[in-house]
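Take a look at these structures.
Next come two complexes built around chain A: one with chain B, the other with chain C.
Here is the complex of A and B:
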């Protein structure tokens, strides 16, 4: 059996026009709107914040000139992309990344140079972005844990909200922030247990249970907020906050110091949790089994792995993680609990799960991107941009939609996600 | 290890899938369970493997009664199973799949795949498997995936290996290799329970053949039993294995496919410049191992798969670019490969299913309403014509057995005036009695002058029906050969060898006067195409 057919003849089906078109449009926007019609003032980005060990010089860009240069670069990328497509190839990933960075830079230069204050602190932009990303990261880890085992977790929002509420009330009553943190984890787990019970044991559609849970948690916390918390805010809604711990020396490094070494306990926990979930899922026996259960539960079953038990504990663990993430709202970020304090971030976390392709590191990166967009919006409103603040407020959500729909396209999740496992 | 089943019964509700089954598998014995689809073979093995709990009866290993509460228990006791649908996780590597459930770990549950890789290499070398522990399972051909399954069982020290319909997905050559592996395993002391309904393989490799019908053991016989006898035992009545169809009288080429190419959503070419003709009054069988472009070919003709390049013409009319409805209206009768998903709406009644593509025109449609009387009349007639076994035509299609469901699909498609008839896997999962009936209907359609295309992965079926055979390999037509081409040649072509080369190799094997693989049973006495094979050689 040595003779085989000659290799496949190539069929001329050109790759999609999506990427070249997007790059062409971006190039035009940057060149014309940001460059030629842009502001001639400079935009300066400071890299240093108070308390740094040494200071770096500010980055200063002349508005119009820089954007014309960037616009030309983007146009070159677009042309390269068209040329590759004509040869039946697609733009390499690094070039897409370079293009995205260039566009973001052009946008920042344009906004800052046209604002009332032509200066923005890049250091606090990044640090603040990480802070805003914390609940998103925890939420997306909850989604990863649950969906990797095969259960759709729409209830992240409810888990975050439940965690935030419980943390607030427990930390207020006990006057102990750590008690609030633990209680938040328990609250998240309780929300998850309901999800696990109905979707795994009673085979109710997982998406419906998730949606109902979100509404339920929102209703309960809203009710208790008005009937209990507002009656005596001193006693029930003045949580003790978790301290911010700065690691001496390291926290004084410009830009990365505040991000990595000047965080609340929950912030440090976030880095640990991302690593642990990643390591657990990909390097341990537990993770291999969890992924098997989410991909092909019957195969796992024939090897003696308890499918539903694995799913049950994973969903619960996810709830604990998201609950802790929710406590960030009331124990770190905001003084006290208010209705709907999570504000839809559970759904953004869900988008981060998909954008991150069900990988803890990917979800982490996606959550950071969303957090960064959120913070940028806040900071740009402060410096007074030419863009109306309402549009700025939409930015995190626009980034989410474009990221999930445009850049990811069809990503492949765990094969058995959403299907309850029933033994015949 | 000696395995004994005593009085095993398994009931689902009031239905007994297995009734009072006794079975003894001796140490280092290849024991075949022969029976039709739905006879209860797989149920019995799932009981043995701990996936089902028996309603009654006992399992004994080396004389000691055992009880399995799950597959884990069965594996611990030394029973391994290769399922018909592989229990492999496509996105895992070979090593990960094999480690799963019995992982070697370092401290704190950290995986140690190095240990697993070593074990895989050991077994792989001993049996000449040639399996790369770090390959992703989804990238491997089916034959190799099956070896991964076998390694999985051997790593767990299986003394009894259950192979559930292992040859369904293999080329004839891969099948021969598998039979050889089975003999090696036996020589190393492993007992094998081999489930199959293919008489040729069963006779080639088994020590003992136990025939199961309707959940009961009919008889245990030796491998020397003739194919006709085995078939009669399996079906329960005398079976005509040979169709003895009249030779074709082909007319003009009515259906033409030219340079047809299909690219899937991942950008891979699944059908590559395929060209062929089908003449009036001729059956062209498309042979090939599953997944070599058959599905894409039929779907491209029907219009449910976008065509990247090429043309499809029926009586001079171009079909590419037309809607499915237009294609059907131009005279295509289409039996899809998966009847329960694409051929029937299983919750609809048999009546409704019989008019699924006719409901909107006379006599079944009347303005905007349907003429239910005609639908009823049509059903009564078709059910009688096609011998569909049901007590009520208002039953849902899902209540029918596989064979009867297929008769409903076939009856519906053949009830129109056809200019082209395409049937994919027309008898997959159909009992032997119905196979005979469906085959005669297909031949009858040919004799009416309709060009017929049959797509089948069952070589027996291809050889039975074909006037000409087109072999698909990796999306290309690897030669079109006469209908009486030998099994060996077809097998080589299905594995990618060109037609000329395949004929040359087969000739060499025959002239050297020995079969390609040393076989206890010579290939010449295979069923059900003895006469055709005789003619070919």
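Here is the complex of A and C:
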């Protein structure tokens, strides 16, 4: 490290050594452990699933040989990265992305070639990953909306859980899944209103409110689950589910068909929501104002933007989005509500916000990545790999630690996030 | 956009200032009122979901007295059962109080860890993970090694503290070196610890021979805190008291503690005054982790006597509410730990006798913290006046602003 204090890095001439070092380490790992010490069996990835219009051939890689090749490629990237650093430049984003994809591929080939069954369906890995990512995407959009306006949102977990609970109870009582969907949005908004009230009006530390809200929602839903839902599960906890809609024709395209054109209503809403939040934040006047409030509230206020009102509405909107995401648990994925049904996914969503650098598209990509990691873990357990499932389950968290520690490129949040604004 | 902003210090910002104002300077009256409001809301929640109340509500206008008496009895019965299970009841005398002390022990230790980090300007959400790693190392020493009396228990304690210190210190190190925010880091480290323990519990080294469930062997008799005959109360409680005294001394009387507080109040000023902020950050997180590790020791070497995947329960998160209620002072945390320990212990009895789910404790605990963190709200509820609050809040913002 050139500098112990980040404040000094501004004056250091050369860019950080982090990227070249990381790439060198990855190249060594792939070359030695995945390649030379890897399994010589082949790994095959099937691209077609049942019901496809036409079938694609399986991708087959010889385990050791392919990983040696990938290792050499990564080593070349590492060398390129060192070379660029010597000239005072950093590796372009596309090269980083290529490196990441290569590493993931090498990892997959290594695991699958070493497993009991040397074949895995790439199509269902991707499609299942998207499904698992749905609540994460909604949660991370909630985080983006709230944090872009300058309010830390640790309460995503609570918003998801509140949405899941309310969706279950309303969809059961009304026997209407769409009523459940709307109610979930309202529930998320209610959680958000508490966050907004305490953090904006009473100036309580936003992190405290978020942490406590998660406990509060967990307590209330757990309490009502036992006292109300379990008393009469038929009436209160047998939600009608949202149907999966397959678009005729398009859904039969291999690989991308099931991902894009065979989703639940919430799945389609996810794509729409990602686009709307991205478009809203970056292409409209409203978005410019929101970002201004999050970066420099005093300047925004000087220009006549109502800082606290903007924050209030953004936090609320975030709650609606996360609440809808929470309804995914009880209206699509699982038959009925159980305690702690969100199982910490709100925190993974938070990780996706940071990993995606507070950008809706970045957060979307990060959430998809975590969804895939989650699904990969499930599928690897089935084919029986040498990697314990717990280590796969750790992956999103480890990736996030690397991300926030700046090892995968620095992630910096909106400048004013966490600061309450008081007009003078 | 973000590039223009000069990279400032490793997040010197707010976790310090406004946090401290809200935690350390709220008047005692507001705390008591906050607890009362939280209990009343919890009681209402119990009452409205009660069946008898629901029935009486059906003929509310015919005989309103029925409704209100049902409402009152539903709410109060639960709290009476809570009291009977945590402090005193006619059949057992003060025996439940011993159970309260037992349950409080890990809450106090982990709460001290969160409080210490607060004072150094950091939000330690990682007590859960630190507790897990501490408990794991302590338990391993406890059942895998066989050592003479006293020495064994001491080693169990030392390794428990070390485990927690390692897990906390790692966060401190990452924060000091890279400027990563400790809230995110600690949340992520919690999950890593959880899965690590889950993994270990399925290995030969940790699982009890002949057992398919993930449960460790029972710790050696030499490795366990002696307990009071006829109760679960063990010497771990003494450890909690000693740690409280130790943290009080550390914060108020030692140089390191002074540096912690200086960094907590204003890292820039502390740096200018010659404090090594990076070192303080790492040390404070390591101490905080060690305290959470002590909570793990209290669990495996005292209350549970074995290591399971669920050893931490929700202790690490309860510890946050304990520290907040205790306003991050050592003795405040101690008594807050006792209060929440009483809630936990009593809730078991409450669930058995009145059928009120334990989750109500979570509701009451979190409401207490919310109300105490927002004195103006509590004052508004009770119609007390609120004029000074505004100015002090403004000042705290200014202090933090760039």
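Brief remarks follow.
Assume the second predicted complex is superposed on the first by the 398 of 424 C-alpha atoms of A that agree within 3 Å, B and C clash if a C-alpha of one lies under 4 Å from a C-alpha of the other, contacts with A are read in each partner's own complex, and residues count from 1 in each chain.
Throughout what follows, a contact is a pair of C-beta atoms (placed from the backbone, for glycine too) under 8 Å apart; a residue touches a chain by one contact, two chains touch by 3 or more.
Computed from a predicted structure; not experimentally measured.
Of the two partner chains placed around the shared chain by superposition, neither chain B nor chain C is touched by A:272.
Contacts of A:394 after superposition: chain C is touched, whereas chain B is not reached. When the two structures are aligned on the shared chain, A:354 is found in touch with chain C, with no touch to chain B. By the touch criterion defined above, A:93 lies against neither chain B nor chain C after alignment on the C-alpha atoms of chain A. Once chain A of one complex is fitted onto chain A of the other, the partner contacts of A:50 are absent, as it touches neither chain B nor chain C. Looking at the shared chain after the overlay, A:211 reaches chain C, while chain B stays out of its contact range.
Between chain B and chain C, C contacts the larger number of chain A residues. Contacts of A:422 after superposition: chain C is touched, whereas chain B is not reached. Within chain A, the residues touched by chain B in the first complex and by chain C in the second are 1, 4-5, 9-10, 295, 298, 415, 424. Of all the residues in chain A, the ones that touch chain B in their complex are 1, 3-5, 8-13, 15, 283-286, 288-289, 291-292, 295-296, 298-305, 415, 423-424.
On chain C, the positions that touch chain A within their shared complex are 1-2, 5-10, 13-15, 18-19, 22, 45, 49, 123, 125, 174, 177-181, 183-185, 187-189, 191-192, 195-196, 198-199, 202, 278, 317, 320-321, 324, 356-357, 359-367, 369-370, 373-374, 376-377, 393-394, 396-397, 400-401.
Touching chain C in their complex are the following residues of chain A: 1, 4-7, 9-10, 154, 194, 198, 202-205, 207-209, 211-213, 215-216, 218-220, 222-228, 295, 298, 339, 344, 347, 350-351, 354, 388, 390-391, 393-394, 397-398, 400-401, 404-407, 412, 415, 418-422, 424. The touching residues of chain B, when paired with chain A in their complex, are 49, 51-52, 70-73, 75, 81, 83, 86-92, 96, 99-103, 105, 108-111, 173, 261, 263, 267, 269, 272-273, 308-309, 473-476, 478, 492, 495-498, 501, 505.
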